[in-house]
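Following this line, the structures themselves.
Below are two complexes that have chain A in common, paired first with chain B and then with chain C.
Up next is the complex of A and B:
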């Protein structure tokens, strides 16, 4: 059976149905049994005629990254699509409107800017949409019809995907969309002579398990609800807002409470209040909100109150670039704040692990009575994957507070120093469990204690807890070595990990002896594993989406040798192609 | 003469404690200056808990930073000494997560109206069912005598040695404007009056705002002294049953030394009740 691995982009203006066309295409492909990874980029402004791009990679194999170069560009808007041509592969395919409402000269048409060698198919999108539905709104569907016809996809099933997408709309709208699709499909069959080689003929994917088509934000919510979240406080901020919006519907159904606060300080404050009350609580934010929350993070650690913060990173610093992806809050999450402040930081390496990280985060926060920061980014929050339906966490993960025994409640020491650093925690309402909690340094009863010995003892206790956390976190993903030593070891974290792992696989096919290391837990960091890995690599490469190499700097301190860096702040996700290119130069 | 055994004394003391309001006092001795008005507030607090027969384990006291921040240490309750200005958000989260608990938030004038001033309007408009006690001594005490948000205009302080250039906030007027559903003022020298107010505030189903006028005996020798307060404080005599915002506002404006309940709206739904109402 032949393999399919295609990157398709639809480019248009806001309001032209670009994003919904991409969504229908992704859902259709998932239904056909392909792996999909898709994301949209759109302007930060609410209104206007900004450029929208729906990017989808579909493959008959496992997908690790969204793909940098595009096989098929579908242009709904010539002006916007011209700049999109730069990522079209050599010999790639361009589908464009051959009879736009206002004809434009060659210098303004996407066709005029296409590289020689590009396979171009002109379809009169506007005209066909008008013919199908009496207006041009269905241009996106006409374009999809053309693509389905061109690549010999299953038109019948595709029609059903369109019907499913608009199922809640009026029949007139469903008909208009389906008819536009068919118009494009039939016209293309009749008038276009195919000159490319992409074809779905004979590609039959095995009927797979039922898939969940979902993005990182949605998965975080699903995980949080599955992991017994009962309180959420938050303040709207791109790209984390959706987490609050979905929870506002779902949390009350699960017996929880959601509070929209006046700012992010109040949000984390309320989360810590709920945590003090013995209830699983979290908040979600992005860079500027995380900066405010930093005020409270020390209290969570000092007073040993569970708190979970999701930080979906965007371009920074300051307000930065709200709608672009970046991995530049590593320092803030892992090292930020004042004092000697151990905290747990998890960074999902792909969409699926957003679920794992959220479940684990809520569990660890409650068990270790500490702060957990989960680093997502704009790409993980918004990119869509089709994944296997996650298995719900077992009971162990749902209630992890270690409560004091009856004997321990006699002369109860809330901050008792124990072998694993965890002091049994009484929940308000427990008779005999009354204690005082403070952000001041304190003794084992919780009473303020400024003595040098006391400060050292309690600081050690807070750090000691951390050494046990690593045992409960997933081990780093390390690819197999072919020999004793590898030429290049690629160390990655967060959403860049997929691209790094894919680049290593591609490099091996190219004869480069490469291996990869990626860890979902960043604090405490699996230092021993990293040192052992680095010792077996001649050269080390650290690709990440920030300018200063925040994680590379961190890794250098652990492995005590220089590393090669690959840094991008383009606002686009990490591309395996770029990492591979860098490896070739090393 | 027969000596009294200490065991006997201990036993008697325990009996007295159990019977009396002192059971709400923790074993820790307050660190406040001798003569501080806060001692009176504590007494009123213990007594109101006693009269309401609250169970200690169901009381949560949340504080910020400042002299008032230490309050939870001296109360036999689940106490949480949080961050400067942030007792309200923490208490809000706690109450929303645990409706079964009686949640009190305390703050000083700098804590509540300066650094934490942004939280007051929102807890008031949300009407979250916590009792908020403002220990208003019109000065920063713990940092030793700087101007606060309620320090009078032109008063000399350690941060404004030639006189405070800022006008003071009027906490009662603010609370009324923010839509607090229970607004009252007490005086640290009047434990009985304070006790009644704290009791009413605790019983009120919604956000209760209670300002306590109290002197800082160490850093304010001229303005809000025991002498000045005792000479000027009087009972407002407003009837909260009337639920009259106009009278309350007028009193807030013109009666800076009047104590009692300014305003109470018993019909307004608390945040919890609103959620139940909306989700029904």
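Up next is the complex of A and C:
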């Protein structure tokens, strides 16, 4: 069977159905057994203007990154699509509206700017949508119909996908969408002479397991509920808002409580309060909110109270670029704050691991009585994948508090120094488990203690816990070495890891002996594994989505040698093509 | 505010490209746009017959110098068809409903296949070789087909027949003397041609005419007035070329077969010029307008057009006479030459 690996983008204006068209396409492809990764970019404004792009990569093989360049660009809006042409591959395909209501002014049509060599298909989107439903709203469906016909996809199944998408709507809406789709499909079959070679004819994917079509934010919610989350406090902020929005409906159904606070400071305060009370609690925010939480993160560490913060990074600093992706909160998450403040930081490397990281985060926070920061980013929060349904966590992960024994409650030392640094934690209300809890430095009973020896002892205790955390975290993902030494080792983290892994695979095909390393846990960091990896690489490359190379700087301290860096702050996810290009130059 | 010209050139063939090259050489500031309804870079049309036979790669079909457009800041709009012109407002309307404003317009839209009026009802059965797109449509079919019926003749047709014979295809040619437009085929010439083509393996019919073409599944049955009946895979018509000027009709431009221009390539409408095989040029010697097909003519006309647009008065002169061999007949012409890779831009 021939392989399919395509990137399709639909570009329109907010309110033109761009994102829903992309969603229908992705769901249909997933239903057909293809891997999908889709990613939408949209303006901060709600509706009516601003460019929207629904980006979908679909493949008969495993997908690691969204794909930088596009094979097919579907333009629902000429003005916005002109700038999007720069992402179209050489010789790519442009589908455009050949009969808009009004003529375009000079240089205002997307076709006018198509690079010579682009395969262009004009479809009268507006005219056909009007014919189907009496208005032009269904242009997005007409465009989908055209694409399905052009690439010989299964029109009937696609119609069912549209029906399923609008199943909860009135019949007239379902009909308008289906009819618009069919107009585009039939018109294209009849009028377009195909000159490209993309065809799904004869491509039948084996029926696989049932898939979950989901994005990182949704998966965080699913994981949190599966991992016994009972309290959430938060303040809405892009790109994390969706987590709160879904939890506001789902958490009460699961016996939990959601509190919308007046700001992020109150939110983390409430989470720490709930954690202190023995309830699994978390909050989700983005850079600006995370900055506000800093003081309380110190309290979580000092008072040894479990707290989980999801920080979905966006372009920063400050309000920055709210709807663009970046990995620039590494320093803030791993090193930020005041005092010697050890915390656990996890960074999922793909959509699926958003689930693992959330379950693990809630578990580790409770067990190690500390702060856990989970670093997502705009891309991970919003990109949609079709994944195997995650297996629910076992009982061990649902209740990880190490409670004091009866004997320990006799003369209860809340902050007792133990071999692994974890002091048995009494939940308030436990008979005999009364203790002081404060942000001040304290002794083993929790009473304020400012002595130099006491401060050293307790600081050491809080750090000691970390060495045990590593044993419970997933081991770093390291690709196989083909020999003793590789030419290039690519070290990555978070959402850039997929692109790095893909780039390494492509590089190997190119004859470059490359290997990859990525770790979901960033703090504590698996330093030994990194050093061992680096020792077997002639050169090291660190690609990441920030300007200053935050993770590269961190890695240099561990491996004690210079690294090559690849830093982008374009607002787009890391591209394997760019990493590969950099490797070729090294 | 400085004023820059916007030269809009309709046509990406030798006439259009050479106009653009000279314009840019002499006017660094002007905006220059070339529009072509074909979605392919500048290519050697004369090599299409060889390409269709598989004797050339696509790269060999292309005129070298692709970086030219970017370097020279010439905007190339490919796959965009001109629908009409509004000379009053100086607008060119594109099929995808975009308007382009020009200060000076050059029409270099070339020519397409001439379909004989008697054959219009069979238009769906007939194939032509005048553009790359057409060639792409039948390239594979030509490779697999065994039997061909060709009627007409013309110079492109002969090139094609030669190619087919080399590919060991079964070819029947029905010669239409008037297909040799614009020169007359004498009895003597015809005799020599028939002899030559027969030697190469083609069946040649003369003094006959097609009475019917019937499509039967994937084949065609061609019947002639004299009772010949043949079942073939493909039927080709080669009856000369006709200027492609549909879009220019009705806008006030004087048009006969082609767009009428004076010796400086100017049309009757201010700021509109025409050149190449879409133009009919006034010839004071015969006090009439003639069309000059052929690559070399298109190049020269493009250059002269550009010079006149730039204000340097130039009168078009015919390119030198050349002799070439048409199946054993020596033909002297100014409008046809064997194209070598000589016409870089």
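FYI, the second predicted complex is superposed on the first by the 582 of 586 C-alpha atoms of A that agree within 3 Å, B and C clash if a C-alpha of one lies under 4 Å from a C-alpha of the other, contacts with A are read in each partner's own complex, and residues count from 1 in each chain.
Convention: a contact is a pair of C-beta atoms (placed from the backbone, for glycine too) under 8 Å apart; a residue touches a chain by one contact, two chains touch by 3 or more.
Keep in mind the model is a prediction, meaning the values are calculated, not measured.
With chain A as the common reference for superposition, the partners chain B and chain C occupy compatible, non-clashing space.
In the superposition on chain A, A:468 contacts neither chain B nor chain C. The partner of chain A that touches more of its residues, comparing chain B with chain C, is B.
Looking at the shared chain after the overlay, A:195 reaches chain C, while chain B stays out of its contact range. When the shared chain is aligned, chain C comes close enough to touch A:112, but chain B does not.
Judged by the touch definition given at the top, the superposed model places A:439 against chain B, while chain C stays out of reach.
Looking at the shared chain after the overlay, A:42 reaches neither chain B nor chain C. In the superposition on chain A, A:104 makes contact with chain C only, while chain B stays out of contact range. Looking at the shared chain after the overlay, A:122 reaches chain C, while chain B stays out of its contact range. Of the two partner chains placed around the shared chain by superposition, chain B is the only one that A:262 touches, whereas chain C remains out of contact. After superposing the two complexes on their shared chain, the closest approach between C-alpha atoms of chain B and chain C is 56 Å. The contact sets of chain A with chain B and with chain C never meet. Those residues of chain C lying in contact with chain A across their complex are 39, 41, 69, 76-80, 93-101, 136-137. The touching residues of chain A, when paired with chain B in their complex, are 230-231, 233, 252, 257, 259, 261-263, 265-267, 269-279, 281, 295-296, 299, 303, 428-440, 447-448. The touching residues of chain A, when paired with chain C in their complex, are 96, 98-100, 102-109, 111-112, 114, 116-120, 122, 193, 195. Within the complex, the chain B residues that touch chain A are 26, 28, 55-58, 60, 62, 72-73, 76-83, 86, 88-98, 100-101, 118-119, 121-122, 275, 279.
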